[in-house]
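The following pair of complexes shares a single chain, subunit A, combined with subunit B in the former and subunit C in the latter.
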Partner chain A sequence: MQQAVGGSEAVVTTLGPSPMLRCEGLRKRYGDRLAVDGVTFSIAEGECYGLLGPNGAGKTTTISMLCGLAVPDEGDITVDGFEGGTLEAKAAVGYVPQDLALYPDLSAVENLTFFGQLYRLSGKELQTRIGETLELVGLADRGKDRIGTYSGGMKRRANMAAGLLHRPKLLVLDEPTVGVDPQSRNAILETVGKLGIAVLYTTHYMEEAFKLCDRIGIIDDGHLIAEGTADALIGDHGGRDKVHLSCDGADLDELAAACRELENIHDVHEVDGNLELSTDHGPAVLSAVVAVATRHGVDLTGVEVRSPNLEDVFLSLTGKELRD
Partner chain B sequence: MIAVIWVNLRRAMGDRRLLIIGTLVPVVIILITGLLEGSPKEPIGLLHPSPRLLHLAETTDGIKVRVESSRTDLTDDILRGRVVAGIVQLPSQSNSVRADFLIESATTDAVQARTDVVALMDLMAAEGSNTKFTDATLHATQTQAPLSPFWYVAPANLVLFVGIAVLVLSAGMVETRRLGVLQRISAAPVHKRAIVFGQMASMMVTAIAMAIGLIFVGIVLFDVHWGNPMSVFLVVALLGISIAALAVIIGTWARSQEQAIATAVIVAIIAGMLGGCVYQLSTVSSTVKNVGHIVPQAWAMDAFIKLISDHATFADTLPEIGALAVFAVVLSAFAVWYYSRKVFSTT
Partner chain C sequence: MIRVIALNELRRRLRDRSVLIGCLAAPLLMAAVLGISFAGAASTVAVRVGVSGASPALMAAAEQASQLPHGVTVVAMPSQAAVKAAVAGGTLDGGVAVLPGQMQLSSLLVPIVDPGASHTPGFDVVTRGTSQLGQEYAESMAAGISSVLYADKVPHHVTAHPATVAITTQSVGHGGKVNLNFFAPNIAVVFLFIGSGLGMRSLLMERSAGTLARITAAPLRPTQIVLGKLLAIFVTGLVTIFVIWAVTTFAFGANWGDPLGVLLMCVGATVAMCGIGVFLTSLAKTEQQAFGITMLVGLFLALLGGNLLPSGSLPDVFQVLALGTPNGWALVGFGRLDQLGEPASSVIGPFFVLLAIALVTGGLALTRVRKMVEP
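Take a look at the complex of A and B:
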């Protein structure tokens, strides 16, 4: 189930009767720059939705609108059945901002107490939740320490704890792994993976979106340009498998011609003195390709099969790299 | 809203800068300036001194005297700390000296003065006079509380430093905004007005708490009698509200913490100077005095001086309280409007 989305005439995806989040035709202008231009998408209960896009694509702006921090110029937001920006909608969302948004001069427990109180938690319940949440993000033994003394990765985890404390129905994570060491990154991804609530996850790391998200929306320049499961997106926009043949200084023209004769090879071209073949399924053609090379007396110094990924999807949709 | 207040107070308490500027520094400064002003080298008041006594006093090292014209003046000067003690030379038969020694209470200064006076009397006795010398403590006769030597510096530094400390707190507001904590708070299910009023209220509570703390420091450490409690409380509360509002305005306006702190210190010191926290407004030209009253500090100082040195009643301080109330209301209204508008401009 996937579809390309273009502008405000987009169709609502075929989700359950009441999705956790629904954005329709969101538009936000800053001065004469359209930061978000007609973004429409929905997130079902328990679904992890990834918003993938380069710097300045409009991810944070979209999030600001659905967390009630910015009012859209146009469009509608519904969170858990409530209109976006209302207190009920805000209560359903757990917002984890891109930058560390905690008081560095207070301890994690003090910070969480404060944010818990903002979400109407108090007393024993609040204390229990704080303990559980710190446990969940792996900071249970550092709760009494001031946030200012934490390492970068620990700060990020504490930042996430503050968004999880009130058990939101929709967790909104704005690039939670930027500048984070591999250990903390894994801890964060693992935590998100086992939550089981609806998650909106923005990132410009395609591997994360691929691993974590049930569905992915690709956003560029304020537009949601494609949406679907990672497999569907790659199938539709990623292009074919590439087989890369490194062949030291051999005469490539003859080999290229021979490869073109093979079944299931769609395209052959020369890249920097090597050959690159396009095929529907790389591993299947590999033995035939190697046999042809041997027959033509070409010494292969390396053979590499590469399946298309979300980078390729992005490249084919926008003509530019996801990351610069 | 309670949570917003609580967290700000918690942070203010953990802020060492605030602790130092708000309590330690003023106490030290009050102590130093107060001691300098109230040093034992204040003169001894003389009433009807014989030419001989006057001559002896003037020629003896380490003794300063001031001739008083009436017993009332003498008493008053002792109470105000202008003289540390008084000698009243009484009419008597020739060749005998009778004198009353007047003190406010058994302060160290007064004891020192008494030693000096006894020495003078001894000198006269050595010249063959018959001396008789009676101690009289004003405590027994007077109804008004004595003035502490700190009577001016204590309120002056209270007003000055509450201003500096609370305005410096505005840096915390900038920090909250820059860190994105304010954004996060705005994403929580709380009304915008709760955030605005929580911020205002925590500033006010800090300001008022600090001022009340310094009032108690004045009472305990410096023996300052602040006067009518109702007036004192209202002055402190309204001054605190005005300063807190100003702090919110600076915190909203400033782009960086450094800018907030620099602005706060400059504003607080200028306002303190205009307001008579550095020099008494009664000693400066009337132009400066009038200009000074554009800041709430001036009205607070007027009220404190009235209350402490003139034992003003509640009714006497109503003009100052009224003026401070106007400052409090106008500044708070502006602060709320400005903060709401600027901080939530994208919403």
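Take a look at the complex of A and C:
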């Protein structure tokens, strides 16, 4: 499933014959900074694809090119079979920008009316869609209020409504949950979860990508450095489970040596006066580890098992923390 | 699509009070202030003008011909000396001594064509430096008398009625005589520029707010977006000038002249001022710059074009410079209608000049603004 990015034959194995979105070798330069450098990925119909990366990784730049807001210096984009940037491609995309892009002086309904008209919706159909979409994002009762009077989370939801109104085949969400309260955040995630259309979701919250996305691409410094399902990425790059033993003032050397003797323990090292063990399956070794500690008269004040996550994947791939 | 963009822009303008103030409230206020001050000057200030050497019949005809406003009283004086004494003494605000012996048919036209020329053969317009209105109405009386005399001396089929000769009682470009008819369209022209600058500023604000990018992501061509925005700016401008026209006319009794001509000039002035306004502000990189350009260039063009001070009161070189500005051409066109009372056909020239200015600056503006919208 998971593959190193760059091998284009690997991409083909993951995708159906006609993906909703296909980007190949995207490159974008701003001055002498390569914001996006050779990004290739595809999204199948109905698939939720997460683009996970830190600040400045090139997520927004990639999205701008997909939505026809920026012209790639190199590379090809196809949306629903149409060349990126054409009116047909634009019509197929629902773009939800990172920053609020609605008119604060107008109400949600007025904003949606305008954006709906831009996508050639009108009359009764437009009115129905506006009602449905506001319902979907949980703003049905605030539709008549000006966007300027909304809370931050409500603004984000309204922003998303503007991208969903014309029922796009591909929804592009640029960090829709940044700076959003947990309630709105859940509402947004829930909405995206039940859409069933192709979604490109950028975020630097690994939990979101993990929960929401069928596949995840990890982007850093303009490069897509890995791609696959969350499980595959973690399996391949996340490393092993960690068992953390807090042991106050004990003789660690002796305990460490004893732990190394245990089966399925790959590595033992000291961290700040405590021990950390690497293992393939943390819970399985736990009882043996505790028994060894007891035998050596070490008083364990805490035991913690931690499975690897996407954060570890990023760390192992780049040597950097995802969030700085 | 262009209509959708334009309507959205207009709706937002109506909501956004700052633009509403710049495009409607401020010019209206200006029109009201001007209206009250000029309308008031004519009705409340009493001006006495003395005339010597003219028969009562001639005086009555001249009074009618020179269309003096209410509040101006014309009194008969026994002699040139008496006129001079009364004006100097302050019992009269101005006076005209008619000197029939020195009068020639050819020179009779001088006071009509050039009311500022006070010592013409046959007339001595007596003024006191401190009474601007006295001088103005004395000159008007001189023009009125000469037009009546002239009408008497030429065959009647040429000048059917004395009043048709003496159409101008106050004139642009001579001695700084100004009135509401002059100021109302000129102020409107200045606000057209400011309004279009504010429109562009709103576009720059949309760019920094991200809504412009959001619109660009929708399936429409950059040209449609730009034309929609420009259409909104044009409509706002047209509404501005029409409102000023209506308010000064109906509330303050101004007369802009032949309505068809005014209509033509309103459209011409609006396209030209919008073209140049949008082009100049499109050179700005930020909203603040756009605002600065709007105010500074707007004022500069207004001064140069003679919208604020009649260019006639400035050296001749300014009158030439004025014709390098759309403001100057608007002034020429509106002046022909409201000051000279000429028919609509007289503004076709200025209208086409304004149209040409609009085409050039509008074309440049279009390409500049397209750059803002294109990916």
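The definition used in the following text is that the second predicted complex is superposed on the first by the 316 of 324 C-alpha atoms of A that agree within 3 Å, B and C clash if a C-alpha of one lies under 4 Å from a C-alpha of the other, contacts with A are read in each partner's own complex, and residues count from 1 in each chain.
By our rule, a residue touches a chain if its C-beta (ideal position, glycine included) is under 8 Å from a C-beta of that chain, and two chains touch if they have at least 3 such contacts.
This is a predicted model, so every value here is computed, not measured.
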Checklist entry - Clash or fit: subunit B and subunit C on subunit A? => result clash
Checklist entry - With the two structures laid over each other on chain A, which partner does A:88 touch: subunit B (first), subunit C (second), both, or neither? => result both
Next on the checklist: Tell me the contact category for A:71 with respect to subunit B and subunit C: first, second, both or neither.
Outcome noted: both
Checklist entry - For subunit A, what residues appear in both contact lists, the one with subunit B and the one with subunit C? => result 64, 67-71, 87-88, 90-91, 93, 95, 97, 99-103, 105-106, 110, 114-115, 117-120, 162
Checklist entry - Which positions of subunit A touch subunit C when the two form their complex? => result 64, 67-71, 85, 87-88, 90-91, 93, 95, 97, 99-103, 105-106, 110, 114-115, 117-120, 162
Item to check | In the complex with subunit A, residue positions of subunit B that touch it | outcome: 2-4, 6-7, 10-11, 14-15, 176, 179-181, 183-191, 346-347
Checklist outcome for this item: subunit A partner, complex, touching residues on subunit C are 1, 4, 8, 11-12, 15-16, 209-211, 213-221, 375
Checklist outcome for this item: In the complex, the residues of subunit A that touch subunit B are 64, 67-71, 87-88, 90-91, 93, 95, 97-106, 110, 114-115, 117-120, 162
